[in-house]
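Presented sequentially are two complexes of chain A, the first with chain B as partner and the second with chain C.
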Partner chain A sequence: MIVEVGFLFLISAMVISFMGSLVPLVWSFNKETNLTSLISPIIVLVFLFTLSSLSILIYSFSIDDFSVKYVAQNSNINLPIYYKLSATWGAHEGSLLLWIFLLCSWSLFYILKEKDLSKDITGSILLQIIFFFIAFTVFTSNPFERLLPVVPQNGVDLNPLLQDFAFTIHPPILYLGYAGLAIPFAMSVSSLLQNSVNQDWARRTRPWVLMATGFLTLGITIGSWWAYYELGWGGWWFWDPVENAAFVPWLMAVALIHSLIVSEKRGHFKNWSVLLSILAFSMSLLGTFLVRSGILTSVHAFALDPERGVFLLGIFTYFVIGSLIIFSFKNTNKIPETGYTTTSKEFGFLLNNIFLVILGIAIMFGTLFPLIYEAIFDGKQISVGRPYYDTLIIPFAIGLAFLQVVALFFSWGKTENLSILKALAIYSFLFFIVLVSISYLVFEELYFSSILSLVLFTIILLGNLLSFKQKERSKYLAQIYTKTGSTLAHIGTAFFVLGVGFVSSYSFEREIILSKGQVYELAGNNFKFERIIKESQPNYSADKATFIVENENNSFTLNTEKRFYPSSNQVMSEAGIRPTLIKDYYVTLGEELDTDIWSFRIQIKTLVRWIWFGALLVTIGTFISSRRNFRNRDE
Partner chain B sequence: MNNIVTKLPLVVFVILVASLFIFLKNDNQELNSVLIDKQFPDFNLSSLDKSKVLSKNDLEDLPFIINVWATWCITCRVEHPFLMQLKNNPDITVYGINYKDDRREALNLLDRTGNPFKFSIFDPEGRLAIDLGVYGAPETFLIGKDGLIKVRHTGALTPEVWEEKFTKYID
Partner chain C sequence: MHPLRKQRLITFLVIFFAISIAILLVVRGLSSNLNLFYTPTELKNSSEIKGINIRAGGMVLKDSVVKSKTSLEVQFQITDYENNLLVKYSGVLPDLFSEDAGVVVQGNLAKDGSFQATEVLAKHDENYMPPEVANALKKDDS
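This part shows the complex of A and B:
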């Protein structure tokens, strides 16, 4: 019964959000009927309804109500309670409901945070988005569907890959990022409709973009970390279509953050900012479509259904083509005469934007290319792999790193004094020599990627620290304080790049066969296969191997497992990882080849943690910046 | 100038949406394989009966079919009698990949119902299966006389499917 109530809540939310989305239409027909005061109460109602609906679904999981098809397919009676709860977003239907709920939360936050809503139709545009996604859920992906009359006894089980802590938080945070991009989109479209794209609009929009980007960064980071230890391959990024679907909106959002600065401070790039906010949201919708329609297959792909694909593509078309039509016809702003030179901050930001957007388009192209190829070459399939993306990303990384630094030193309009760049070059060169020497002494080898990452690390780190031109120490610190957010985020990219370069240079990987008691030596470390035991848990059984690793400095044990989940017939590897600041020791258990003879994969990953540490700095910096911007504009 | 610039994104996205609709319609349910006309992937796995460590070189009798199966796969039992028939066909060799399964149960099943395979590769984690792009069981691949993958079939292997898709590559 309560399940039907949950569905009823969802339908009510759909109907009310539809009514709320009509406000601008009514207003455009009759200038006297301004119903914008209705938008806020409607958003509150829709929020409460979707909250109740989601709570009921979570409740159904907690009481193992296997009469609900979605629960039966994604949970199991033996599943620990916290995984039962997170199983709510373990598949398509529930994660869609979560997405909708989070979008409602953003909308609620928007109407609470923005002061003057008397003429603001942003909320109404958000309600349109909410309406379409609820309709999509209700008509094609209903999580409340019953499985009657035969009720299964104990459920199929949550995919074992997803039975993991990082997974319980990865989707909500990532979706907060995705859904958050709807706010700048809605603000842009409403400002276009009301001809109010101006500096004030840019100032109001920027903290929202920053906040959404913060969540997006954090969500992607957690996803990458999860893939690293849970998939057992030891990689941190796979250029999988779903990863790209998150990365491309991120690139657009970062471009948007920077172009909004110019729009706010100088009044330039306003069209460009509007376009970017449309692009960022479009890319997150396109990502959703690609993943959920089954048009591309990937590790993340959810259940496939052509009907869903058509519906989602319809939604995509409506919002993207609709907003672009408004953009190209409503938009009467003349592109402003330049008023800046090639040695200005504006120009630096412009190049930064072009780089980010082209990179985003190139990645999206790589993701779609298999489809294009299949259509042209009569059904033959091809996959665009690592080499394409790895080659692609290097020039962009170099360009973006240098631009970041140069733009920090440039002034608005025109930079008079470029001597500081000379000082930066000298300092960077010296610092770089020191770092390269240390790396050579420690690792005894240098590679293209390690040298390149050191160059970029040096220039970004020193560039950020030297960009504060104040000589006095107290003033210098005060200046850093006012720019804490952006400085942290920028320095984060330095650590990230260093991690990426060093992992690809100084990592070791071996596939080996060992019998019990045997020792394998890898890069000065002795890996001893100590023992293997069988173990039984409520929801799986496992082979558990123990290694003792010894090197000059210390010794430690590593446990790696292979689990068999009977309810879903899946085998899962649990990698044994010993994390340290400098190196990760990583062992995965393979096959049993004979009694007590097993195959293993042994890896040593250098500076791999720095990748996520850098990304976390970016996240924190972005959040700080968002908070500052909210405070400054609301003062 | 301004007009062209602001309408360019619209044009690009209209083309994108139109092609996506076409892709969506084109999306035939037939799963093609990237591996058609490619070499069979390398692997190092033990045989199901633990008798030896197998690699690509052990698949020596060309042409052959290799069938992905498991005890938990109901459709595999449907195609089992036909595989038993193929076992007696002198023109083709039948190998198996035991996919994400329990070794003991798999051997039991073969004991009870008969073993159509020259041998089965034991692939509990789906390592070889991943390289083959396997979606689930059953799936059957045909490797021709030249050692290249010719056919990929998902779902039960029936005499009709055999006639239609496989026989043309065999003699």
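This part shows the complex of A and C:
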């Protein structure tokens, strides 16, 4: 019964969000009827309804109500309670409901945060997006569908890969990022409709973009960390279509953050910023479409359903084409009088945007190329390999890193004095020599990628510190605060790049066979296969191998497991990882070849943690910057 | 030149330059990193693709997996229910590799007609079948 109530809540939310989305239409036909005051109460209602609906679904999971098809397919009596709850977003239907709920939360936050809503139709645009997604859920992906009359005794189980802590938080945070991009999109469209794309619009939009980007960064980071320890390959990024589908909107959002600075401070690039906000949201929709339609081969694809694909493609087309039509008729033609030269901040940001957007498009092209190829060559199938993305991203990463540093010291309009760059170059060179020497002494070898990452690390780190110090002398405290966030985020990219370069240079990987008691030596570390035991848990059984690792400095044990989940008939290995600041020791259990003889994959990963540390810095910096920008504009 | 015009010209040149570089990288990347996908039947009938890096996919034939007891060598047959292909691989197989399940292998066709795999991809879902395999099987049905 309560399940039907949940569905009813969802339908009610659909109906009233539809009504709310009609406000601008009514207004445009009759200038006298301004119904914008209705938008806020409607958003509150829609939020409450979707909250109730989601809560009821979670409740159904908690009481093992296997009469609900979605619960039966994604949960199991023996599942620990916290995984039962997170199983709510373990597959298509529930994660869609979560996405909708989070978009409603953003909308609610928007109407609470923005003060002057008397003429603001942004909420109405948001309601329109909410309406389409609820309709999509109700008509193609109803999570409340019953399995009647025969109710199964037990559920199929949650995919063992997803029975994990990072999974409980990865989707909500990533979706917060995805859905958050709807806010700048809606703000752009509503400003276009009301001819109010101006510097004030840029100031109001920027903190929202920053906040959404913060969540997107965090979501991607957690996903990468999860893949690293859970998939057992020891990789942190696979250029999987779905990873790309999250990375491309991230690139667009970062471009938008920077172009909005110019729009706000100088009035340039306003049309471009509007276009970028449309592009960022479209890419986030395209990401959802790619994942949900299952048209691309991916670890994340769970719904191979053409009907859903068509529906989503419809929503995608509607919003993209619709907003582009509005854009082409309503864009502002006013270009500010002030020009800029090649040594100006404006020009730096312009280059930054060009790089980011072209990189994003090229990645999306590689992701979609198999589809294009299949269409052209009559069903012949291909896949685009990892080297494609690697060769693509390196020149862009170099360009963006140097640009970031140089543009930090540019002024608006025209830079008079560039002597500080010379000083920076000298400092950087000295610091780089020191770091390279240390690396050579420690690792006894240098590679292209480790040297390159050191160069980028040095200039980004020193450039930002120097620029921060310059600002510190400024009289305005507010300016220092504003600078903190961006400096942190930029320094985060330095650590990230260093991690990436070192992990690809100084990592070791071996696939080996060991019998009990045998020792294998890898890069000065002795891995001893100590013992293997069988273990039984309520929802799985496991072979558990224990290693003792010894090197010059210390010794420790590593446990790695191979689990068998009977309810879903799946095998999954749990890697044994010893994380340290410098190196990760990583062992995965393969299979039993003979009595007490097993195959293993042993890896040593250098500076891999710095990748996520850097990404976390970016996240924190972005959030600080968002908060600061909210304050500055609201004061 | 008028400053505004100059500004536009520079902007245009930069965009043009960046796009050219990107196109160059994309074309180069795509020409060397594309892996064509073949079914066992397609591989049986073509001889010109020996030695090139390709992908093949199908279902792992029941009782065809032969594992060595002393090394990581393993061989198995994949099938599209019309023809079979012998695959040789050296390494740890992924968790979800099992008989009667879909698999995609990357590598090249050896002179003796067997497939030397450098990578074995099995996805984490027992009902999962690589779309390539599903399509290949569908094609055979019709």
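One rule holds for everything that comes next: the second predicted complex is superposed on the first by the 614 of 635 C-alpha atoms of A that agree within 3 Å, B and C clash if a C-alpha of one lies under 4 Å from a C-alpha of the other, contacts with A are read in each partner's own complex, and residues count from 1 in each chain.
The rule is simple: a contact is a pair of C-beta atoms (placed from the backbone, for glycine too) under 8 Å apart; a residue touches a chain by one contact, two chains touch by 3 or more.
Everything quoted here is computed from the prediction, not taken from an experiment.
Of the two partner chains placed around the shared chain by superposition, chain B and chain C are both touched by A:S573.
Of the two partner chains placed by the overlay, only chain B lies in contact with A:S282; chain C stays clear of it. In the superposed model, A:E591 makes contact with both chain B and chain C. In the superposed model, more residues of chain A are touched by C than by the other of chain B and chain C. By the touch criterion defined above, A:F502 reaches neither chain B nor chain C.
When the two complexes are overlaid on their common chain A, residue A:L351 makes contact with chain C while staying clear of chain B.
In the superposition on chain A, A:L392 makes contact with chain C only, not with chain B. Of the two partner chains, chain B is the only one touched by A:L324; chain C is not. Of the two partner chains, neither chain B nor chain C is touched by A:F185. In the superposition on chain A, contact is made by A:S599 with both chain B and chain C.
In the superposition on chain A, chain A positions 294-295, 379-383, 511, 562, 569-571, 573, 590-591, 593-594, 599 are in contact with chain B in one complex as well as with chain C in the other. Of all the residues in chain A, the ones that touch chain B in their complex are 271, 275, 278-279, 282, 289, 293-295, 306, 309-310, 313, 316-317, 320-321, 324-325, 327-328, 331, 334-335, 371-372, 374-375, 379-383, 511, 562, 564, 569-571, 573, 590-594, 599.
Those residues of chain A that touch chain C in the shared complex are 159, 161, 232, 294-295, 297, 299, 302, 304, 339-342, 347, 350-351, 354-355, 358-359, 361-362, 365-366, 369, 373, 379-389, 391-392, 395, 511, 513, 562, 568-573, 588, 590-591, 593-594, 597, 599-601. Of all residues in chain B, only 1-3, 5-7, 9-10, 13-14, 17, 19-24, 26-28, 30, 32-34, 36, 44-46, 50, 53, 70, 72, 100-102, 122, 124-127 touch chain A in the complex they form.
For chain C in complex with chain A, the touching residues are 3-4, 7, 10-11, 14-15, 18-19, 21-22, 25-26, 28-30, 32-37, 55, 67-72, 91-93, 95-96, 98, 123-126, 130-132, 135, 139.
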